[in-house]
Amino acid sequence: MDTSIWRALFYLVGIMAFAGLNAAYLGWCERKGAARIQRRIGPCEAGYGGLWQPLADGLKLMSKQLLVPQGVDGIIFRLAPVLAMVPAITSMVVIPFSENIQARAMELSVLLLFALASLGMLAILLGGWASGNKYAIISSARAVSQNLAYEIPMLVTVITVVMISGSMNLREIAIDQQGGFWHWNIFRLENGHFLTMWISFIIFFICSVAETNRAPFDMAEAESELVAGFMTEYGSMGFGLFMMGEYLNIVVGACLTATLFLGGWDCPFGLTPGVWWFLIKIYVLIFTFIWIRWTYPRTQIYRLLNLSWKILIPFSLANLLITAALIKVF
Amino acid sequence: MERQEQTRIALAKLFPAEPVVAAAVAAEGSNQEELPPRLAGVVSQDFARHGSHLDVLCHSEQVVAVAEIMDSEGFFLESIAGVDWLDKQQLEVIYDYNRLGGEHCRVTVRTLIPRIEPVVPTICGVFPAADWHERETFDFYGVHFQGHPNLIRILLPEDADFHPLLKDFMP
Amino acid sequence: MNGYWSDIFIGSKSLVTGLLITAREFFKPVVTEQYPYEVPTMTPLFRGHIELIGNEETGAPNCVVCGMCQRACPSECISLDGKKAEGGKGKVLISYMLDFTKCSLCGSCVESCNFNALRFSKEYNLASFDKNDFIMDLLKRLEDQNRCKQ
Amino acid sequence: MTVPVHLRHDETFVLNLGPQHPATHGVLRVKLTMDGEYVVKAEPVLGYIHRMHEKMAEGGTFAQFMPNTARMDYLHALAFNHGYALVVEKAAGIEVPERAEFIRVITVELNRIASHLLWWAAFLLDLGGFTPLLYAFDDREKIIDLLERVTGSRLTYCYMRFGGVYNDIDDEFITGTREFIKRLRSRLPRFYHDLVTHNIILIKRIKNIGIITPEQCRRYGATGPVARGSGISYDIRKNEPYSVYPEFDFDVPVFEECDSMARYMVRMHEMEQSLRIIEQALDKLPDGPVMGKAPKMLKPEAGYYYSAVETARGSLGHRLVCDGGKNPYKLKLRSPTFSNLSLYGEVAEGMMLADALAFMGSLDLVIPEIDR
């Protein structure tokens, strides 16, 4: 693999641009999507169809003062938004956008992604804790218990995929699924994996909604209970970074789902695979995130934990066993 | 009618000497203004005209006893209202009782207290609903409900030093 | 255990139903009105602030300064003044002030008027930075209207 | 959650919920003593929007108080109009023409549906669902347009007069209302029940949450959907018929579960019943004047008068004391949510924060009506 400095720079700039654009314009997509579902127009004043809206919002947020209230832990308070953003961007390094577009193809890249996802949770914990606000602290406590509960079924389903592909390298996993949708992990005909893998896919998807703190699992920022949760005391770009981190987490979650279950950059009919297919897949997944958010009410924290411990974990374990048996039998 | 009669009898036991007088008042209820002030007792009245079946005028110390009877008869406390009779130098506290379903019967219980030292025993112990209503009456009229666990301002600010519904209060 | 499986199946079904409903709405046209670009039609009974009605021919206010509106108003928004008509009977209106900051648009004044001298205007763009803009001289308003007509 | 929790009363903190908080719908403040996420003690603090309407009533004539009535319960303002008109008509002995009473019932019931729709929307917002809010507003907008047509205002109506109503309804209103009935009937099953009522997340969220026993209802004087959700069949329109309600055939929905879901279902069914009432009233609408003979200056006989109406939130009572003068000597408003909210502290104890807020939403609070 080429390791010249130009390659590193190219990917650095590329990933930053991809992350930045997504973080900004997913906000716009979310608002437009919500508006369509609710039969409104959504942002329409700034530019055609409100396309400059993210820019205007960003400028507004940047021009505001970062207010550090009295009694907060100053260093951690300032560190937390950055910590929310950094792991999300770093995760992009190992995502295989296509056969040739990937910054670093690491063995164990799946593990790295999970480690980074946990760091993101730490940002919420620190942000809420440093704020010294009661609502924020309740929110952080919720976020931690929620992330803990949902990482287990997520990891177990990933282990099933890893067993099928025989690798923890995302690139290997994607290459393993090439050649039409009947090779994708979700519909995999080989060894009869399609019998259980669609359940794994649903479990994984639910978990990634929960991991990214999206509605209906947005316990951490439940605005009708906890005002704004861990972001209550944040204004200006501190808030902006948290929001961008949230959207980037969605992108990473969608990328991971597309790579693990939907064949990565593969075309459904086995023709001309390429980066476009990957992008189509992740944006369809992201749209589903938005669609779900604007359809359901929020759950309760103990219902959420019940869902994980009583339904998702048993099901994912059963899936793991069945997959192992299928691999052994055939 | 049955429930009304039953409640009337139960309440009348509180006023042993007066039922005869009360009945006489009820008979000529149409022109109350010319009659001498009503004595304590129970009176049946025209529901269509006044909106309650029984009108009870009691002494302030009987309020709790009345509330207990109403409780045992299955009534609930609808509201407590104060009235300031400035010219008579009296405050009046009106308790409205009603029944949740079943046979319809509304009872108005009134008690008159001196304006100088307005003290009424609380009925919080019987109806927890009275808690807030009594606080409101205290707030607006300064009626002191004796034995109330938490007799503080409810609608007005904590530091208000006036009782706005008294007729001589001018903002 | 019974409830467990039925929760999963009925629950998933309800979730899918919900998604389908919102998906169908996604493709339907918008129902909101974009206010400054589309102005909804006003109902005939719309209550704006009150205004004086002028005589069709002369344009002079119909008001005879009886003061009924002033007395009917619950918030004491109206203050009016008249003087004895020259050479005739009755009074002529010389000022009619409406303090719109206190008005709750109840319409008691319009109803109390027996001389067809008051009505609701159709004014609704009433934002201002200055409180004094809402202390309105209705007589002047009527004169302005008359001038516009000519 | 029904699992009993052992609350530690020594390791608590106070959470100030409101007066500015997204879930309190206005300016209610609840002082919550919390143990972690569990509520140890909940103490509503009122009075942030208190305006002393009762003093205003004493200061003016009977008619001058009418605009104020709409400013209390701004969601079901016409019921407050109606209640006040009824008590004064009772005191002054004013006859109301039948057509006027029919129009009153039609508009009050339309307003009741609008109020329930808004409650539903706000309740879903409390539970984190935003889209249903806009679907409900879409329907509510139709009602408001209709009411604007006859009353001249959109929210704080001043439509009723002693002896009738301010304005007659026209054909456009009648056809519009019929269209609306058809529209809501077709939308209720899909946009309200399929999307929300049958949703497993909502069911899990509000079922068995906030149990109010019938005995608690009686001791605290809770009425309206709160009482009917606790299995008490009490609706003033049936139990103590006023206006022309006896002429209509409608049911009082009662649910025995006593939880938030029961209160939710009561309101959903009440909307359907209100539609039935409106439909019958439009069919039977008699001809005639809409304003009876009423003296311009009322001087009711001295005495005590009480009149109750059923608002969207429960029993609204007007206690009127007259001394023979031209203004009310004393007007006490018995607002339903004041009593309904007073049981909050007792029931919310031991709940989790999110449940306590969902329970608060199910009580359907309108703060200006509590504070008056």
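Chains here go by letter, A, B, C and D, matching the order in which they are written, and residues are numbered from 1 within each.
The definition used in the following text is that contacts are C-beta pairs under 8 Å (C-beta built on N, C-alpha and C of every residue); 3 or more make two chains touch, one makes a residue touch a chain.
As the structure is a prediction and not an experimental result, all values here were calculated from the model.
Farthest chain from chain D (centres taken as the mean of C-alpha atoms): A. Contact analysis places B-D first among chain pairs (by count of C-beta pairs in contact).
If you average the Cα atoms of chain A and of chain D, the two centres end up 43 Å apart.
Chain A and chain B, compared by their mean Cα positions, are separated by 64 Å.
For the pair chain B and chain D, the distance between mean C-alpha positions equals 26 Å. Taking each chain's centre as the mean of its C-alpha atoms, chain A lies 50 Å from chain C. Among the residues of chain D, those in touch with two or more other chains are 131, 135, 138, 195-196, 199, 201. Counting only residues that touch two or more partner chains, chain A has 37-40, 294-296. Among all residues of chain B, none touch two or more other chains. Going by the touch rule set out above, the chain pairs that meet are A-C, A-D, B-D, C-D. Against chain C, the residues of chain D that register as touching in their complex are 56, 60, 63-68, 71, 131, 135, 138, 145, 148-153, 156, 158, 166-167, 190-191, 194-196, 198-201. Per the touch definition, chain C reaches chain A in the complex via residues 4, 8, 15, 18-19, 21-23, 25-26, 28-32, 34.
If you check the complex, the residues on chain D that touch chain B are 46-47, 50, 52, 54-55, 58, 87, 90, 214, 217-221, 223, 227, 232-234, 239-240, 302-308, 315, 317, 319, 321, 329-330, 332, 334, 338-339, 342-343, 346, 371-372.
Residues 33, 35-41, 44, 291-292, 294-296, 310-311 of chain A are the ones touching chain C in the complex. Contacts from chain B toward chain D in the complex involve residues 32-33, 48-52, 55, 74, 76-79, 81-84, 94, 96, 98, 100-101, 104, 106, 108, 110, 127-129, 131-133, 140, 153-157, 164-165, 167, 171.
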